[in-house]
Structure formats: structure tokens, C-alpha cells
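Take a look at the structures listed below.
Next come two complexes built around chain A: one with chain B, the other with chain C.
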Partner chain A sequence: MRLVALEVTDFGPYRGTQQFSFASEPGVELVWGENGRGKTSFLNAVRWALFGVVLGRASSKIDLSTVGNRDDTDSSTVRSFKATLTFTHGGHTYKLTRAYREETDWTGAGAFRERKSLVKDGDVLGPEDRDRELANLLPEQIARFFLFDAELLQEYEQLLTPGSDAGEKLKASIERVLGLPILTQARDDVAAHLAIARTEQAKAAQKDKTTLNLGNDLQLASDEAENARKNVATLAELLEDLQNDVNEMEKQLTSSNRFRGLLATRNAKREEVERLAARSKDRNDELDAAAGDVWRVVLAPLVAQELASIETQTDAVNHRLVAALAARQAARAVSTGVCPTCQQAVGADLAQTLHDHGSAEDADTVQAELTTLRARRDVLRKLRADGNRIARLEEDANQARVDLSDAEGQLRDLQAQMDEAPAGTAEAIGALIDTLGQKNVSLANTRRRLKDSREDLQRKDQAVVALSEKLRRLGTASTGAEDRKVKLLVELQALLAAAVAEFRDRLRDRIEDEASKVFRALSAERDYDRLRINDNYGLTILYADGTEVLNRSSGYEHVVALSLIAALQRCSPMAGPIITDSPFGRLDATHKKHVLQALPQITDQVVLLVHDDELDRQSAVNELNTHLVGEHHLRRVSGRHTEIEAGAHP
Partner chain B sequence: MTQSANTARTGGRVNIAFTAAAEQAARRLVERFPFASPLDVARVGAAYALRERLPLTRPGDFGAANGSNYNVGSVDPQGELRDLLLALHPEIDEDPYRIIETLMSVGAIELDKRVAAGQILSLRDLITPPATGRAIPA
Partner chain C sequence: MPEPLTPDATGQPILSTARVEDVFAATEEVRAADFPNVPAQLLADVLAAERDNLDNRTAAARAVGRVVDGYLISAPMPTFGSTGEPAQEGDSA
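Our next item is the complex of A and B:
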């Protein structure tokens, strides 16, 4: 398939009818556009024309009523839009038009509907031919390998997670682009015929007395297996519905991220305020309890001063007491003529000297004074006061009050911001989270039931096979024809199952080989040697010694994803253009250069939607060289109006 | 110290009270600081007056101590304040609780003035004696 032209009418920012002509020679075309100009809308216009879907962030489908160009701020008005894609395939020229427009029914009521038409070589195809052609040209399931953006590239990491739902879907898409469904459908068709043949075998056996019981058993076992199969199908369908519901709800929650963030912050702040209020109360209680001691602390400096004074006074009084006691002894020596200490006689001269130096102070009076001082000292020493503790408790209490006040202010601000949201937003999100929780529980339960049901089906299928085989071995005439039919179909089924396995193995080997070749061309890391593929087509980078590269960067995720896409393009019976939106965002300069050099080798027609910061124009021109076959730019007319123009930015 | 002084010091007062002005000051201080009641302020006021060496005798404009009555046992349950007062001022020869009654009123009023003047804004300010702090003139 090769794209020739795209005509858009009022699609996203593209107002009125605008034409885009793709280059006719093989190579790479660049479409330059700043953020918000309409690069994603361009990709979506092609996607809309081909598949009737418009994708937003995280591959979510965008509501079509919001896609039409509008020149006013009234978002409630739904606008018509249209895209026409002209392309060639297998020597034919196709013109595919898909429109979203208002139509009135017989009652005169208007409603918006999707309308599509396909013109092949000038002839308008009828609905059946049109749908068959479209399904063959480029099935939607494989669109991701032709129309992709950086987010879609990121999803390839899921292939490395065995059993993940996204990985399983991706695996199915890969096998589809590689043509495997031709074999798997044949295998499944044979299985369906085999089930019918066994029913016929049972009916034939029931007509013969010798095989009646066995025929009945086979009939019952077949019925049970069929019921189990229906059960598996029902559960698989339910699982898909639940998964879709969960995806949809997760997208809704993602779109309310800001409010949820605010809600979480508000709730956390509310808890913080409660915690700080409790802390503030505790600190105040401690301070209140300690405040009863403040009078002691106030008095403490005076008490300390007084104690020092008492110590000095005590020293002086002690000296006076010693002197008074000595004087008392001297007086006794003078009055008795005998020294009371050494019992020697005291002469008149010595007695006169002692008398002259005698003290007038009474020792008992001085002793009483000393006792009073000591009593005062003992009282003062009892005072216990810890001023530092009270000061610290007061500081802690003040700090706790300030912290609480700050947090309360922040809580008020957050609440005010939340009050700006429409009424009921918090309740709606809360309800959505609850429902999502319930859906996830149902999803897990359904997954478990499906696993059990599959095992049950397997057991029942084995019972059918055993009974059918037993009947065939009896070799009675009544079931002969059916026995042979069953045998043939069993062999055919085994052959197709082996073919599917063989084809898968070969494909995996080939993809691993091709992806490794592309990877070596794209990778700037010389130590990275090749890629290894797993059962899901997930690719792991290997060093030369065969060890795995663990925790590869998101830039290398993209390099690996591009390698896989290139390998699929080379191995697929379907060849088509690649249109990619902002694919270089996570790549460094060297990898951008390598990707630019490799792109022309991947497919004949590549359209890159890029902005200046993502890709330097001069480098792009140099690297692409003769492979650069066209440049276009998206010119801003207003915030709601972009024009597609030929050539690079002026 | 005489026998009569000793008798006077053991005292016989059962209740003591703030003056009207001191009671208002005490209420303001209870609002301002983490004191549980005016009783706390009574003790703090007395301690403050002692620390600031305010006169033990009643000034001329003291007025009547006719505010709420507090039992002496509530103001000074263990007699600790009384004992400290007497240890600091052994010269006292009258009922110590009369002096405490004086000090708690003049101390509370003085403290209230300093708070109003912005000199004491916290417990830390209160428990840290000013280097040259003296009573604010009325």
C-alpha cells in the first residue's frame, strides 16, 4: 500500500478543506509542527479514514463529538468532519472517505453518524465489497505497526511480561501481521468439523445395539465438551468486557489526575493537621503541668544569691565562734590559775596577757547565730527549679502552634482549590474508585474461573477423544464411515497444529534475526550484540557473551520497538507506509542519527511528524540525504486553526 | 528575734486575697500565660516581687485585699513559699502570709505592667532576670 493524498475537512485544528499530497518517490517525508499544532491530529486523520477511530493519550479512544473543528468556545456544539485518503495497492487506486456528519431521520430528528465510502479505480464499492477490501488491505489490529507514536512504542515492553493482557493482544496483532491466522483459522475450522464428525459418529453408534452405550457416552461427553466450550467462550467474552471497563475507568481516573492529586494532598494535609493539633495539645498540656513550677524558677536567682551571702556570713560567724570559744578558755585559766587544756599553772604575767586579749563575745550567742544561718541555708537549698526545661517546653509548644497554624492555612488553600471543581467531583471520583476496585475483583475472579474452565474443557475434550477412539477401534460397520472421517480430521488437525507450531518457530527465528540486524544498525552501544525473542515476540538485548542487558533505558525501549517494527515489516506479507508522531523524544543525538539512516531501509514510505526541539532540521537533511523526499509544515493561524503547507518552516 | 515575733511569724491567717487591681492583672496574666488559675499567678507574683526586691510593706495606694479569697493551704500547700520568704527575710516579725498577700498583689500588678510594656512576652522572659530590670514607675 502506498499513500497518495490526504484531504481533511474540519478535522481537529484543520479548518475547512485542506489537501496533503504524499511524495510519489520512495523515501522519508518530514512534517514539522510545534506542540499543539496538529501532528497527532494528522496521524489521527489517517487512522480515522482507515479504521474509524481517533486515539488520545494512552491509546484511549477520543469521543468523536469533540473532534470537529470549532471556531468558538462553545464545547457543547458537535461539528461534522471528514477525511479522504487516496492510496494505491496491488495496481489499483483507492479513495477511502470517512465522515462524521449530522443526518436527519424520517421524523426530522438529527443525529451524528459515521459514513464511509470506498472508490476502487473509479467505481464505488458496495458495503460488502468495501468492508472485505478494507479488512484485507490493512486490518485495524495491525495498525499499530504502521501508525504509531512514542506512547505506542512504549507498549512493546509488555511483550516481555508473560501472561499480561496487553502482551497477549500485541502477540495476536503480531501473528496477524505475519499471516499466521491463515493457519490457525484452518486448524480451528478442522476442529469444528471434527466436533461435528464425532457427533455423527455417536449418532451412528446409537443405532447399533452393540455400540449403543458407547454412542450414548460419546454423545453425552460431546454435549458436555460443547457446553464447557461455550462456558469458556462466555467467560473469555466477559473477561474482555471487564478488562475494557477497567481500562475505561482507569482512563477516566487518569483524566481526573489533578483533582485526585489535590484530593490526596488535601486528605494527607487533613491528617497532618489532626496530628499537629494532637501534638500541640500534648505540648501545651506538658507546659501547663510545668507552669506550676514557674514561681520557683522566678525565685531561683534570688535564692542563689542569698545562699552565696549566707555561705560568706557562715564563714565569718565560724571565725567569731572560734575566737569566742578561745576567749572562754582563757577566762577560765585566768580565773582558776590553771590552764583547762594542759592543766599547767598560769602565772600572773601570763594571766594578765590572756586577760588583755580576751573577747567580749559570748560563744553561745554566736553559736545560735550560726544555727540560724544554717537553718536558713537548709531551707533555701531545698528549692528545686529547672528553668531550662520550662523554656524548652514553652519553645516546643510555640513551635507546635506555629506548625499547626501553617498546616491549617495550607489545608484552607487546598480546600479552596477543591471548591473550584464542579460540585460532586470528589464523590464521583470516590464512586469510580470503588467501582474500579469491585471490577478488579471481578476481573481476577473471572480470570481464575476462565483458567478452571479451560482445564475442564481440556479434560472433557480428552474424554471425547478417548470415547471416539474406542468406538473407532471397535470397527463396527454402523460407524465405519464416520470413524474414517473422524480419523482423517484428527490427522488433519494434528498436521495443522504442527504447522502452526513450526510456522511460529520459523517466524520467531526470522524476526529475531531481522530485528537483531536492524538493532545493530540503530544501537550506539557497541557492547550490545543482538536481540533474543521470547514466545510472545518480546525482545531482550544480549551482550556478545549471551548475557541479558537488564533494566534497559526507555530510550532503548524505543530502539528495540523500532527494531521489532522493522523486522515485522520485512517478514510480513503486508507492506505499508509508516506514519509516526514524535518518535525521537526519548532518543539521544546518536540514536536519532541511526534511526534516520535506518528508516528508508524499513519501508518505502515513511512520514515523520516532528517538532524542531525533537529533531534538528539540518541534521535530518544531512542524514536522510537523498532519501528525504518531501517536507511540509503545520502553520498556526490561531489556537483553533492550523494550515498544512508544503516545505519546511519558512 | 523576740518571742512575740516568733508567734507572729507562725501566723494565724487562714485566707489571703488579691487587691481588686491585682485580681484584674492576675486574670490578664492567666489569659496570657499557661497558668491554670489566679492561684498560680499569686505564687508567681509573690516570687517576682521578691526577686525584684519590691518592698515587703504595703504601699500607701495598696488598697484593700478584697478580691477572691484563697485558702492559705491552697496558695502554699507545704508552706514552702512561707519558709523561703522567712529564709530570705529573717528580719520579718509579722505573719508571713500577710507579707505574701502583699507581695502577690504588687508582684502581679508589676508583672502585668511589664507584659503590657512588651518587656515580658514569654515564660522565658519571665524566668530570666533582667540585667538591670527594675520596676516600671506607675
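Our next item is the complex of A and C:
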């Protein structure tokens, strides 16, 4: 398939009808556009034309009512939009148009609907032919290998996680692009015909009395196996529905991340306000309880003043007491002629000196005075402590009131931010989280039931096989034709099952080999030698000695994903154009250079949607050299209006 | 220096090197080696029925049924299973 032209009408930022002509020669085209100019919308316009979907963040589908170009003066109106893609394939020229437009029914009521048309070599195809052609040309399941952005590249990591839902879907897409469904569907269809043939074999056996009992047993076993098969199919369908529901709900929750964050913060703040209110009340209660002692706080300055005075007096009396006690000892030394402390004799001169300096105060009197002062000091100290406690209580109560007031203010701000969301958003998210929890429980239960049912089916199928084979070995004329058909289908089914396994192995080997070749061309790390593929087509980087590169960087995740896409293009019967939006974001200069050198060899039509900061234009021109076959830029007219223009930035 | 990407050994441009015929060829190899009693044309017709109805499971199953019934009507009895031993059944998933 080769893209020839894209015409968009009022699609995203592209106002009015605008044309984009793809280069007619093989190579790479660059479309330059700053953030917000419409690179993703360009990719989406192609996606819309081909598959009727418009993707946003995390590959979630965008509401079509928001896609049409909005008028500068009225952004609330739902607008029509259209994309027409002209392409060639297998020598034919196709013009595919898909529009989202308002139509009125017979009652005059208007509603927006999707409309598509496909013109092949000038002839308009009918709905059946159109849908069949489109499904064969580029099935939606393989779109990811042709139309992708950095987020889609990131999903390839899921292939390394056994059993992951995204990985399983990716694996199915890969096998689809490689043609495996021809074999797997043939195997399954033959298995279905084999089951019918065995039922016919049982019916034929029931008509002959020599094989009647065996026929009855086979009929019964076939019926049981069929019921078990239906049960497995029902459970598998239920599991897929549940998984889709869970995926959808998880996407909804992801898209409401900001609001959920606000909600969590609001709820935490609400709890904090409640806690602070309780604390404030406790402090106030304690303060109320201490209200009878408030006079102590009032007296605090006087108490402090009096206490300071008493403490000064106490110090002075202390000194006087020491002096009085010393005088008492001196008097004793004078009167006895012996020092009462060291028991040495006291001479007349010393005795006279002691007598001259003796204190007139009585030590007992001074001691009594000191005791009185100390008692007053203790009372005053207690008064001061009580006053301090009440002051602290008051301070705590004031702080609690301030904290509460601050938290209430923050809660009001959070609530105001939440009020900007549509009414009922908080309730809807709460309900969504509850439902998601219930769905996950159902999902786990259904998985368990499906596993049990598959084991049950296997046992029942084995019983059918044994009975059918027993009947065939009898070789009676009554079941001859049916026996022959069963035997043929058994062999055919076994052959197709073996072929599926063989072809899968070959595909894996081939993709591993091709992806390794591309990887070596893209990688700048000499020690990285090759890639190893797993059962899910997940690729691991290996060193030359065969050891695995653990914890590879995000940039290398993209290099590996690009290697896989390139390998699929090289192995696929459905090679086509690659249109990619901002694929260089995680790559360093060397890897950007390598990717630019490799792209023209991966497929013969590549369109890169890039911005200046992601890719240096001069480097790109140098690396692509003669493979650069076209440049375009997205020119800003206004925030809601972009024009597609030929050539690089002016 | 990174290894350059070059066209493969056939010298063909590196575009679509695999084809639906690869599926047919790989399956035929398995048939010839391990299931010689299954007629090659029958296998090819079954795969062609699938290829032509890849996006219509009901039509594909009907077409496969027609191929098998057509073969059984046209082929003389017995046309396969010279030993009379039962074939090994494969994966019926």
C-alpha cells in the first residue's frame, strides 16, 4: 500500500478543507510542527480515514463530538469533520472517505453519524465489498505497526510480561500481520467439522444393532463435549467482556487522575480538619476547666516581682546565716581557747581578732528568718508554675484555632477546585472504583472457572476420540463413510496443529533474525550483540556471550520496539507506509542518527511527524540525504487553526 | 560503527519478503514429512479457503466443509491410511 494524498475538512486544528500530497518516490517525508500544532491530529486523520477511530492519551478513544474544528467564538458546538485518504494497492487506486456529520431522521431530529465510502478505480463499492476490501487491505489489528507514536512503542514492553492482557493482544496482532490466522483458523475449522463428523458417525452407528450401544455412548460423549465446548466459549467471551470493562474503567480512572488526586487530597484534608477541630475543642475544654485559676495568670507579673525580691532576700539571709554560724564557732574558740573545727589551741592575739570581728546576730534567729522566706518562695514558685501552665494551655488553644483555620481554608480551596469538575464527578469516580473492584473479583473467578472448564473439555474430548476410534476400528459397513471422514479430518487436524507450531517457530526465528539485524543497525552500544525472542514475540537484548541485558533504558525500549516493527515490515505480507508521531523523544543524538539512516530501508514510505527540539533539521537532512523526499510544516494561524503547508519552516 | 542495513541475500529490496505462499510452503513441508497420507491438493484447498475468507469466519468454515466433502465424494475409497492405524490427534484448541 502506498499513500497518495490526504484531504482533511475541519479535523482537529485543520480548519476548512486542506490537502496533503504524499511524495510519489520512495523515501522519508518530514512534517514539522510545534507542540499543539496538530501532529497527533494528522496521524489521527489517517487513522480515522482507515479505521474510524481517533486515539488520545494511553491509546484511549477520543469522543468524536470533540474532534471537529471549533470556532473561535463558540467552542461548545459539535462540529462535522471528514478525512479522505487516497492510496494505491495491488495496481488499484482507492479513495476512502470517512465523515462525521449531522443527519436528520424522518422526524426531523438531528444526530451525528459516521459515514464512509470507498471508491476503487473510479467505482463506488457497495457496503459489503467496501468492508471486505478494507479488512483485507489493512486490518485495524495491525494498524499499530504502521501508525504509531511514542506511547504505542512503549506498549511493546508488555510482550516481555507473560500473560499480560496488552501483551496477548499485541501477540495476536503480530501473528495476524504475519499470516498465521490462515493456519490457526484452518485448524479450528477442521476441528469443528471433526466434531460434527463424529456426531454423524454416532448417528450412523445407532442405526445398526451391532454398534448401537457404542453409537449411543459416542452420541452422549459428543453431546457432553459440545456442551463443555459451549461452556468454554461462553466463559471465554465473558472473560473478554470483563477484561474489556476493566481496561475501559482503568482508562477512565487514568484520565481522571488529576481529579482523583484532588479527591484524595480533599478527603485527607477533611480528616485533618476534623482532627484539628477535635484538638481545638480539647484545648478549649482544658482551658475552661482551668478558668477558676485564671487569677494566677493575672497575678503572674506581681508573683514574678515578689519572687525575685524574696529570692534576693533569701540570698542575703543565707549570707547572714553563714556569718552568724562562723561567729558562733569563733566565740566558742575564744571561750575555750581551742578551735572547735581543727582542735588546735587558739592564741591570745587570734582570740582578740576573732572577738573583734564577731557577729552580733544570733544564728538561730537568722535560720528562722530564712525558713520563713523559703516557705514564701515555695508558695510563689507554685503560683508561678500554675500561671505558666494556664498560659501554655491558652497558647495551645490559640495555636489549635489557627491550625484549624488554615486547614479549613485549604479545604475550601480544594473544594473550589473540585467544584470546577462536572457535578457528580466525585460520586462517579467513587462508584467507578467500587465497580472496578467488583469486576476484578469477577475476572479472577471467571479465569478460574475457564481453566477448570478447559480441563473438563479436554477430558470429554478424549472420551469422544476414544469412542470414535473404537467404532472406526470395528469397520462396520453402517459407519464406513462417516469413519472415513473422521479419519481424514483427524489427520488433517493433526497436520494443521503441527503446521501451526512449525510455522510459529519459523516466524519467531525469522523475526528474531531480522529484528537483530535492524537492532545492530540502530544500536550505538557495541557490547549489545543481538536480540532473543520469547514465545510472545517479546525481545530481549543479549551481549555477545549470550547473557541478557537487564533493566534496559527507556531509549533502548524504543530501539527494540522499532527493531520489531521493522522486522515485521520485512517479514509481513502486508508491508505498508509508516506514519509516526514524535518517535525520537527518548533517543539520544547517535540513536536518532541511526534511526534516520535505517528508516528508508525498513519500508519505502515513511512520514515522520516531528518538532525542532526533538530532531535537528540540518542533521535530519544530512542523514536522510537523497532519501528525504518531502518536507511540510504545520503553520499556526490561531490556537484553534493550523494550516498544512509544503516545505520546511520558512 | 553500527552494522549497515542491507538488502537480504536475494538482492531484493527489503520490503515484503514473506507472502501467504510461505504459509502454504511451510505447511506442505510438514505434510510431506509427517502426514503423507493427507492429499497435498486437499491441504492446499483448505488453506486457500481460509485465505479467501480471512475476515469472515462463518464463510471460511463453510468453505472448508465444502472442500472436505468435495474431496470425499471425488476421491476413490480408500485413499488414505494404508496401515489402518489411527492417526495421532493434535491440538484441538
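Assume the second predicted complex is superposed on the first by the 486 of 650 C-alpha atoms of A that agree within 3 Å, B and C clash if a C-alpha of one lies under 4 Å from a C-alpha of the other, contacts with A are read in each partner's own complex, and residues count from 1 in each chain.
We adopt the following convention: contacts are C-beta pairs under 8 Å (C-beta built on N, C-alpha and C of every residue); 3 or more make two chains touch, one makes a residue touch a chain.
Because the structure is a prediction, the values reported are computed rather than measured.
Colleague: For A:A23, decide between first (touching chain B), second (touching chain C), both and neither.
Modeller: neither
Colleague: Looking at A:H594, would you say it contacts chain B, chain C, both, or neither? Reply first, second, both or neither.
Modeller: Touch status of A:H594: second partner only.
Colleague: After superposition on the shared chain, which partner residues are touched by A:A499: those of chain B (first), chain C (second), both, or neither?
Modeller: second
Colleague: Between chain B (first) and chain C (second), which, if any, makes contact with A:D189: first, second, both or neither?
Modeller: In the superposition, A:D189 touches chain C alone.
Colleague: Is A:A326 contacted by the first partner chain B, the second partner chain C, both or neither?
Modeller: neither
Colleague: Check the residue A:P139 against both partner chains and state whether it touches chain B (first), chain C (second), both, or neither.
Modeller: A:P139 contacts chain C only, not chain B.
Colleague: Return first, second, both or neither, reflecting whether A:L350 touches chain B, chain C, both chains, or no partner chain.
Modeller: Neither partner.
Colleague: For A:V621, using the defined touch cut-off, is the partner it touches chain B, chain C, both, or neither? Pick first, second, both or neither.
Modeller: A:V621: touches no partner chain.
Colleague: Which touches a greater number of chain A residues, chain B or chain C?
Modeller: Touching more of chain A: C.
Colleague: Considering only touches as defined above, state whether A:R296 meets chain B (first), chain C (second), both or neither.
Modeller: first
Colleague: Spell out the part of chain B that touches chain A in their complex, as residue ranges.
Modeller: Per the touch definition, chain B meets chain A at residues 33-36, 40, 43-44, 46-48, 50-51, 53, 80-81, 83-84, 86-88, 90, 122-124, 126-129.
Colleague: Of all residues in chain A, which touch chain B in the complex?
Modeller: 284, 287-288, 291-292, 294-299, 301-303, 306, 372, 375-377, 379-380, 382-383, 387, 390-391, 394-395, 397-398
Colleague: Okay, in this complex, where on chain A does chain C touch?
Modeller: Interface residues on chain A, with respect to chain C: 132, 135-136, 139, 178-183, 185-194, 461, 465, 469, 472-473, 480-481, 484-485, 487-503, 506, 510, 517-518, 520-524, 569-575, 594, 597-598, 601-604.
Colleague: What part of chain C is in contact with chain A in the complex they form?
Modeller: By the definition above, chain C touches chain A via 2-6, 13-20, 22-23, 26-27, 29-31, 34-35, 37-38, 42-43, 46-47, 49-51, 54-57, 60-61, 64-65, 68, 71-72, 77-78, 80-81, 86-93.
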